[in-house]
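Here come two complexes built around subunit A, the first alongside subunit B, the second alongside subunit C.
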Partner chain A sequence: MRVLPWIYLTAAFVFIYLPVGALVLFSFQGGGLPVPPFDGPSLRWYADILGDEDLVAALLHSLAVAGGSSAVACTLGFLAAYGLARHVMPGSALVRGLLIAPLTVSYLIVGLGLLMVLQRLGLPLSLMTAGIGHVVINLPLCFAIIYASMGAQQQNAERAARDLGAREWQVVTLVTVPMLMPALLAAFFLSVTLSWDEFIISFLLTRFDVTLPVEIWSLLRSGLSPRLNAIGSLVFLVSIVAVFLAELLIFRKRP
Partner chain B sequence: MTAPVSIQHVDHWFGTYQALTDIEMEIAAGEYITLLGPSGCGKTTLLSVLGGFIAPSVGRVLIGGADMTHVPPAKRPTTTMFQDYALFPHMTLRDNVGFGLRMGGMGRRARHAKAEEMLGLVGLADAANKRPHELSGGQRQRVALARALAVSPDVLLLDEPLGALDLKLRRAMQDELKRIQRAVGTTFVHVTHDQEEAMAIADRIVVMNAGQIEDQGPPARIYQKPASLFAAGFMGEMNRIPAKASAHGIETPFGQLPLAAPGAGPLTLCLRPEAIGTGAGALFIGPATVRDAAFFGTHCRAHLSPEAAPDLTLIAHLPAASCPAEGETITLAADPAAASVFEAA
Partner chain C sequence: MIARDTLKGWGFVAPALLWTLAFFVVPFVVMGAMSLATLEGRTLVWGFSLANYAELAQKAYLWRAVLVSLEITLTVTVLSILLAYPLAWIIAFRVPPRWQRLALLLAILPFWTSYVVRSYAWLLVLSREGVVNKALMTLGLIAEPITLANTRIATVTGFVHFFVMLLTLTIFANLIQLSPNYRRAAMDLGANAFQTFRHVILPLTLPGIVTGAFLTFVLCIGDYITPQILGGNNELTVPQVIMVQLGRRADFPLASALAIVLMGLVTLAYLGCARWLRLDRI
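So, the complex of A and B:
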């Protein structure tokens, strides 16, 4: 009677999580190949990758790029959303469209375009340029999330704050930003997770210091190894922590 | 603190739509004024002009003798209590109420003491650490009032403050508002569309319609002797009896009345339901058939068809003790002193 829904549910989750589960399981493999039979558990490959300076450096680069670019994208997205939601100006629909349009452009095109511009300007490729690329792809998303949550409720509270003598910067810092905190955090963490495993732009716009996905890609060229499983598991762990933090910070205070 | 307000020849347009037309009003310091009218009559626009959220197209606003027409809300000696309260959801009640004082540069300790004093005034002394979402609608309304009063404004503007409350709570809050206004002495300007609310709290009612002031004065005067047909109808139930001017006053379906006619054309005689009774009166309506009658506790509300004018339906509030039966014929009369005459609309 209710067997079919359960079978469907199980099948769906197996489909989603089996690859991740297999990846994590074989990261604890004892031998040299991430294929059955499983002969672990062993932390050998974790010790191996954490002892690899290049990998640890790439991991730290990725964290820095993700955190930095997300903070910039969120700040710019908030300022754009605040301006467009609170002020009437000619062509605001056009500006809104232009801000969101990059969402539809493929990462490859964004990366190539930036690469051409940077080379024309003579700027060297670095983590900074990769971060700029991530701001370009994450800004539309941050803007859309924050703009969508700016409602009449904040506007009335802002009006009340002004009426009580608050100056414009006080209205923004004491009323608007705290009231929008859930949306700001959601935008920030979504942006972090997207930047964290973004490959194409990082690949095109970095040179000597690279982010983790680029490092993984160069490791892949030497064939399968449980090292890659261990790295993948760590990447997955960081994403989970980001999602968990977001849940905790955004939904904890909800009445 | 308190101050008089003077509104001088104010007009306001939204595009081509004229929202306010030649508004002239003097408000004394410490007075409780209600702006009463249907939605779209311009009462909220006028309140926004007083609060500084709208600069009028023409005219001046003086508060305490100083020209405030183009002064922004933050710099005016006014505060507004908004219809949806607009409390800050991320702050405790103490911080909500103390917000204006903080903007004014008052230190933390003094500000908390004042905020708690204001919360005490509205009966929420022990809830200072709560947040707005933990409160009921009536309590939020009190916090909004405390927050607006904490900065000691000269004039408090209230935009339909009781609109979101249920009837019983609304009546209780009316008494509370009146008590608090007497205690602090601030000039209150209160916008509402509920004429009972206006009568319950106002020292003076300003009736507005289509961007103009129709009538202003004490509640009893406006109710009994309204200045216009609109004010007469808006202040409560009204019988409208067609009439016309005659040599000795006005002529009605119930005979001549020695009342001054305001014009030569068709007239309307207005008579409150409670002015019509079965006793004696100089305006003799005569026998009338009871179409239906309902018991309202304090009175009995009846629809009647007078024999002298069968097309007319009169509403009368008869004594609750003598509720007539349906179909019964009773003899009616009224006191012409309680009637008002206007040119027919």
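So, the complex of A and C:
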């Protein structure tokens, strides 16, 4: 009975790490197929993808969309959280509900709705339209994280600043934002991770310039390849770094 | 004075609210209207027609997709809970406290792989020459490689992998909040380990389980990538059929109707577990 939990734990970890392990291991494959036996290690596939212009362009597009949409989502989320937490507003429960609502709808439906509106209006698809979609899905999350971290402690500091003659914009920029910085950055990095990984909205709302997941998707049609392993491993690495930054910031706040 | 304060509040909320209205609510209304429109030849005719919904009930490949989606989603939800609960339990109560955070972090780390990459990685593992087949043949359990990729088994495996990590997190959060006094009290009153679990721990962690299950349901039933990459084209789920309507035929009215049906299924799931849901505590 004593060993049973440890056997289960080991089995669970094998299951959880099997795909990631195979992905990373065979990205160092020497030959042309990412299946056993392993004949590496070799860095040729990493050299291969870093020399591929389309892939590097897609990577830069992804970073731009993730950074841009997350900055907008964080700013809008912060302003809304500040307004709702610091001002007396009738119907604030309804507003909060509306801001959170996109969380309950699948990405496919968000993308489909936006696509139809853009087509009706005759607007062209671009990285910008994909970014607009990413703000829609990340705004609820940013708002929720920032709203939850607005406590009485900051409110006292804000009151003190106001009593000392600070104007509203000074209170916000000099007191509230610095005090909320950990929550703001956590929301930002979480949002970056989600946007960086997002496929379906980018797929529906971009045309000529595409993001990395969409590029990977089109490469997938030609089947298994160590190139895809190398790209996938790099994508994973970026996500992990962003998550670690978010984690670090969230947990530094409450030691 | 209060009125001015309120006005200022609206000023701060306005940008986010307008964004949500313009890029979420309006598209949603358009989608609803689109599901009631029809295509005549290639031209779109707005109106109030239930033809798309009728087509959905009549054409086998459409309602079959709804059934396939429901079957896969329910299988995934149940399997994920059954696998994640013991894992969360072990991390919460068996792993020494100083290793707990690390164990949890490691258990959910691959959660952050992009879903396109994660599905590809499973394709790699499950392919005919892949790790699983090689391992089974080396162990002598099978003589020939078995077909795992491009089947429902592969889709379910890919999904379960993802949701076990998500559910481990939500159930762990629930278990760790329980005061050890509940267990001690139950034991003192003569309950054995199973009775303690069945009558004390399980009811107390039910909100966490149901919240996780609801999230699983919502994310699983709306996902296009996992069944598309891992499931092959033997059977299609609702999101796959939606994408077929968009791509091949540009049939936006029918795609919209399917999306509304998808929303309907999520709403039903929500009503089914609303009693235990704690969405504000995610």
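Methods note: the second predicted complex is superposed on the first by the 244 of 255 C-alpha atoms of A that agree within 3 Å, B and C clash if a C-alpha of one lies under 4 Å from a C-alpha of the other, contacts with A are read in each partner's own complex, and residues count from 1 in each chain.
Everything below uses one rule, namely that contacts are C-beta pairs under 8 Å (C-beta built on N, C-alpha and C of every residue); 3 or more make two chains touch, one makes a residue touch a chain.
Bear in mind that the values here come from a model prediction, so they are computed numbers and not experimental data.
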| item | value |
| --- | --- |
| Subunit A as common anchor, with subunit B and subunit C clashing or fitting | fit |
| Contacts of A:186 with subunit B and subunit C, given as first, second, both or neither | neither |
| First, second, both or neither for A:12, with subunit B first and subunit C second | second |
| Centroid geometry (CA): angle subunit B/subunit A/subunit C, rounded to a multiple of 10 degrees | 100 |
| Contacts of A:127 with subunit B and subunit C, given as first, second, both or neither | neither |
| Partner chain(s) touched by A:201 [first = subunit B, second = subunit C, both, neither] | neither |
| More subunit A residues in contact - subunit B or subunit C | C |
| First (subunit B), second (subunit C), both or neither touched by A:89 | second |
| Contacts of A:113 with subunit B and subunit C, given as first, second, both or neither | second |
| Closest Cα approach, subunit C to subunit B, once both complexes are overlaid on chain A (Å) | 9 |
| Common interface positions of subunit A, toward subunit B and toward subunit C | none |
| Interface residues, subunit A side, partner subunit C - complex | 5-6, 8-9, 12-13, 15-20, 22-23, 26, 33-36, 75-77, 79-80, 82-84, 86-90, 95, 98-99, 101-102, 104-110, 112-117, 120, 132-133, 135-136, 139, 143, 168, 193, 196-197, 199-200, 204, 213, 216-217, 220, 224, 228-229, 231-232, 235-236, 239-240, 243, 247 |
| Residue ranges of subunit A in contact with subunit B within the complex | 153, 156-157, 159-167, 170, 174-175, 178-179, 181, 255 |
| Residues of subunit C that touch subunit A when the two form their complex | 2, 5-6, 8-13, 15-17, 19-21, 23-28, 30-31, 34, 83, 86-87, 90-91, 94-95, 103, 105-107, 109-110, 112-118, 120-125, 127, 129-131, 134, 161, 164-165, 218-219, 221-225, 229, 239, 242, 246, 252, 255-256, 259, 262-263, 266, 270 |
| Residue numbers on subunit B that touch subunit A, as the complex places them | 51, 53, 72-75, 78-80, 82, 84, 86-90, 99-100, 103-104, 133-134, 147-148, 151 |
